[in-house]
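Chains here go by letter, A, B, C and D, matching the order in which they are written, and residues are numbered from 1 within each.
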């Protein structure tokens, strides 16, 4: 018994001493990249890295001719030489939006020498910070905060590991300021839809009001569970209804269904909703769990469904049949695809920054699809395997390709993209 | 009957050391697979932070499992003390108050469990599963519309800790708590009493061991671990939501079992099971993620490794009947 | 008459991991005879019969039964081949009906089409019970509604239903009341008359001498000898069982030693929650060995538990006279120096999966630990002292108790309480399942403790032991005092048996 | 005859009491629609769905084998079976057969794993649950199964739901009461050592229990798929949420078993659970409050069932006390 305890103490002491001395080291030279780090990568921020791209400018100067920069770099996944590993913080691999993003990123990885490391389904701040640590150990250069619970703390932790962090914290200026102050040049910034979640709820309500819906049932998802995203969407929807009523429409929320499909309580609530005489069901997450019920109850023609969802084959036939009339759609290419040009610029030493030299929030349009034509324009494009924002568009925003790329060109490109600009 | 040296012991001996061998093996395999990145300084700090919550709760849980109480509500307990602790932090702005609140809350839950397991006979395993889900729902009812608790809106600025300071705090908390538990389990009657109760409730009672006192005492010791874990969660992530510590219940169970702790407690319980198990699980997770496998493969491998380690450590007690 | 061989085992061997239970035993059983089998615990007598019945496989060696090679893998197969076995422990399963117990594992016998008819099963069960003269029990009732005696008779009915050619009775009589014993003796006689065979195992030498035609003695897995009726007498049997002359006195040698008048424990009009004990009173004097005897269900075991605060007390009070405090819980009892050795040693006095060290210290944490700290050194001293003084044979203090022999296990239990140096020791069947060698050591130990001034209350189902050891003997019958006897050379078992039965 | 009447009354006592209670409470406070019209169809669906899961668990739990992989079996069977049917455009009968067969095979695998490895069932089932969840995620690139509006999904509505659940319960009643499996199962439940010594094949019995559980979970999977048309893969042992609502039926079933048959008892428990859930829904409780109340009810039932033997004991003691006092006079 004694021998074993001693050997165990030894093992524990060994592991912790390495951690302790490791931590002294990092504290010692906070500034420079950790020399003893195993990965052969050169220091990104020390000296401007000059791999491949012959343009060697720190700040994006306007007068460089675009042609020679783009000429010798081809979009076949060869640039940049050293693979850029990126961590992706996700919360539900089975959700349609995350699967759409994964498909888009796979396409971009064929064009740029990138590798995306997807997280497990993270539910809380602690596992989010653990995953960020994991990415650092795996040699990632940047982390995309698609899911964010720990707010600016994630950006600061990334900075500790000398990794870039992309994430707009849902447009929360206060957190962005704290991230800029805490993470410094490692914070790239992120998109904002002007309080995205609130807007999504509001535009859904507005669209339903325009389509003359009076009695609406709202599925509030995680609002009752205090999940911030759902609380603001519900708030947005309720305000949207109030605005419609002030504007003369007769509209009211008849019933609210809480929680997620699969629980007995949700099943019971769904059945009682089918009895009510309502003309619309709006959901602050997807609405697929209603299709089967609505079809069976034979109310497919009299009932309209609205949701915050995706353009995907699940909704295709229901949108075209008119059952689903409104989809508030965060197009994955514009909302999340913008992380790639920001990361590629930062990694290749030409980080895009705002006037005060920091990471910045940039507005992006949230698309509200109300007609089948709009829906099919995006769906057919994806179906045929091409994309709204192609690899060439992204290359145009990377200074290494196109010397004229500036923060403004980036903002204009992504800020202006609406459903109608889809060819 | 001739008393030949029993080979049964060394077969059991291998069983006893299996968890430690498992840990070393996992470290070696993944250091090779990740080309040494597993033991890079960053990752060591990383793992030191990740192991914290599971290890603290698992070490305390050795006492509770040892007595034969199979506690599945530890995740709920960590969540509850973290939420109330964070709320106290926001209102008081002092770290000390936060720690005190965490301890009080988790000890209160421990007393409830103590009363039910000592005075009211109940199938404890199923009771704690239900208790765990009830606690998480009570948290939602308490938090109501306040959604998530952010430390940054605290009355007075709660000191933030940079990365390295956090690692040091973690190491100190874990080392101190582990040594205290090691002392209590191996160098005071508590450990031996727990082992006897876990082995055979009736004969422990007939030897004068006060089982009611022991039930409550073991829950309180485990509650200290839960409180420390909740405290560290608060100061590290500075954000406590309704889903915090969601997977702690099963992580602790996996860590204990991988650490060589018998499911029904009893004489083969050992305090090292908590720490060795937690370390193995963290190294496994970290290694698998770094090798770049998809989440599905990571979980599949984790399931298989979990069963294999349990199989090896179960060689010391194989009977004719199917275990229950 | 020509003795016709029914069963023969050649070079039968059985290993349990390292320990050898049987090495190369040749054993013959003849028709029309009751073959006795006797031997210490762990001598291998139960092993032979359970291998023959199919409860466990042999490691090597062959068996022939009714002329054919014989190696049954389950008891059901064994009973189909004609070997029935009645064991000592409880063989019926609670939670199911009497009929389901009788035909356990053989339900398909009553299959009519896809269904198994419960009606037919109940009918046959009633017939099986009537065959052995056990009537008045509804086969469809849950077995939990029956008391211990009747459950054992149900087991006997189950075995007899298959009309076994050879019946094994393995120490069943000790647990039975007189009525139950009569039934078994009747069955054995009938088997003998029908020219079938019976193998009878018992601890009670007198019982064997009265009923067996031949008696085989086993020791440490070897067959020593087979005695014929004329050679059978208690001393020679004991000599073969132990293998060496019994040196010195077996029980206490002194008679007439005075017992102090001081009362140390008073039991006043006590009724136990379970069992038959009702309105029972007695006084216990310091330094005496008080023997309590009677049939197994007479209430003495419940009395033992009550005195240690283990069982629920319905009426009356038990007071520790010197301190005047009533004994209400195990803690108060131990505070006043009480110690309790339970009758079912493996399930109540020991933790089998724990080490010898953990078991021995489990009653004396307050004695070993200074303040909160219990240093390994103190523990080691405490345990080594007990292991030496009781000479417990083991591979080391870290060995699990489950791998020890019966005798050594009992020594560990004694070590636990002696270590605590209790003043009042309640011993319930202290020498049950212990071989004679260790039994003698136990008796010496008990005598030494008496001489050291300890008060001992010895509850036992073996009269010779009670007669040999106790200063005063109380006999209980159906929960009440039936007789009180004082230690004297002239006192013998017959006086007591009249009162007891 | 009187005894049969008593048995029937006791069997349906709990669900009827629950129904009456909620009928009164709902009409006083909440909206009056309890137990009428669509609410009734929900109660029916939930009773059969939760009943199947509770029955699947009852065959293992009462023998001391807690099965964590219940939820993951349902998810994996639905995803594999659903995709096969969807790709080959098969009909409802094929859907039922394929999913039930797959689930039975999954049950067989976890049963064989437990019997072969001989390690505590709870531990094996966690490992199995992880592997099944991972398989569900890997299949079809984490898209799970989406077959909304597919004609094969008919099993959430009567008469089909009642048909498949009813047949399952009848088969179980037959197996439990009239086959040697049933007898031996009852023996192994409380007398494992004695039964094994006598010669009962415990390993075979355990594997059969797991296969039966698999079939029942397959039926539950078909009903779930028919109700929602889509099943997404779970990960991180979150599939354990599937059996949370099965505890109450299990314990009510245990209490009712004496009066009729275990399987009917569990169904009655599921009916009570369904009514409680929809009753709470009608009273407008938030979902978290419902979980708390459900949890408290299960705990109360746990305390009752595991302490009911004390009531019997107290009665015995009282009788004995009376006899003792009488004798003392």
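As a working rule, a residue touches a chain if its C-beta (ideal position, glycine included) is under 8 Å from a C-beta of that chain, and two chains touch if they have at least 3 such contacts.
What you see is a predicted model; the values in this text were computed from it and never measured.
Look at the CA centroids: the one farthest from the centroid of chain C belongs to A. Among the pairs B-D and A-B, the greater number of C-beta contacts is found at A-B.
In this view the innermost chain, defined by its CA centroid being closest to the centroid of all protein CA atoms, is B. Chain A and chain B, compared by their mean Cα positions, are separated by 34 Å. Between the Cα centres of chain B and chain C there is a gap of 44 Å. Between chain A and chain D, the centres computed from C-alpha atoms are 40 Å apart.
Shown for chain C are the residues that touch two or more other chains, namely 376, 398. Contact of a single residue of chain B with at least two other chains is seen at positions 140, 247, 294-295, 298-299. Counting partners per residue, chain A has 1, 93, 120-121, 224-225 as the residues that reach two or more other chains. By the touch rule above, chain A contacts chain D in their complex via residues 93-94, 99, 120-121, 224-225, 258-259, 261-269, 271-272, 274-275, 288-289, 291-292, 295-296, 314, 317-318.
Here chain B touches chain A in the complex through residues 16-17, 20, 23-24, 34-50, 53, 140, 143-148, 150, 152, 162-164, 167-168, 171, 174-175, 178, 182, 186, 233, 236-247, 272, 275-276, 279, 286, 289-290, 292, 294-295, 298-299, going by the rule given at the top. By the touch criterion given at the top, residues 120-123, 125-127, 129-131, 133-134, 136-138, 140-141, 247, 250, 253-254, 257, 263-264, 294-300, 302-304, 306-307, 310-311, 314, 318, 320-324 of chain B touch chain D in their complex.
Across the interface of their complex, chain B is touched by residues 1, 4-5, 7-8, 11-12, 15-16, 18-20, 22-27, 34, 36-39, 93, 115, 117-121, 123-131, 133-134, 136-139, 149-151, 153, 157, 160-161, 178, 224-228, 231 of chain A. Touching chain C in their complex are the following residues of chain D: 174, 177-180, 183-184, 186-187, 189-191, 194-195, 197-200, 313, 316-317, 320-321, 323-325, 327-328.
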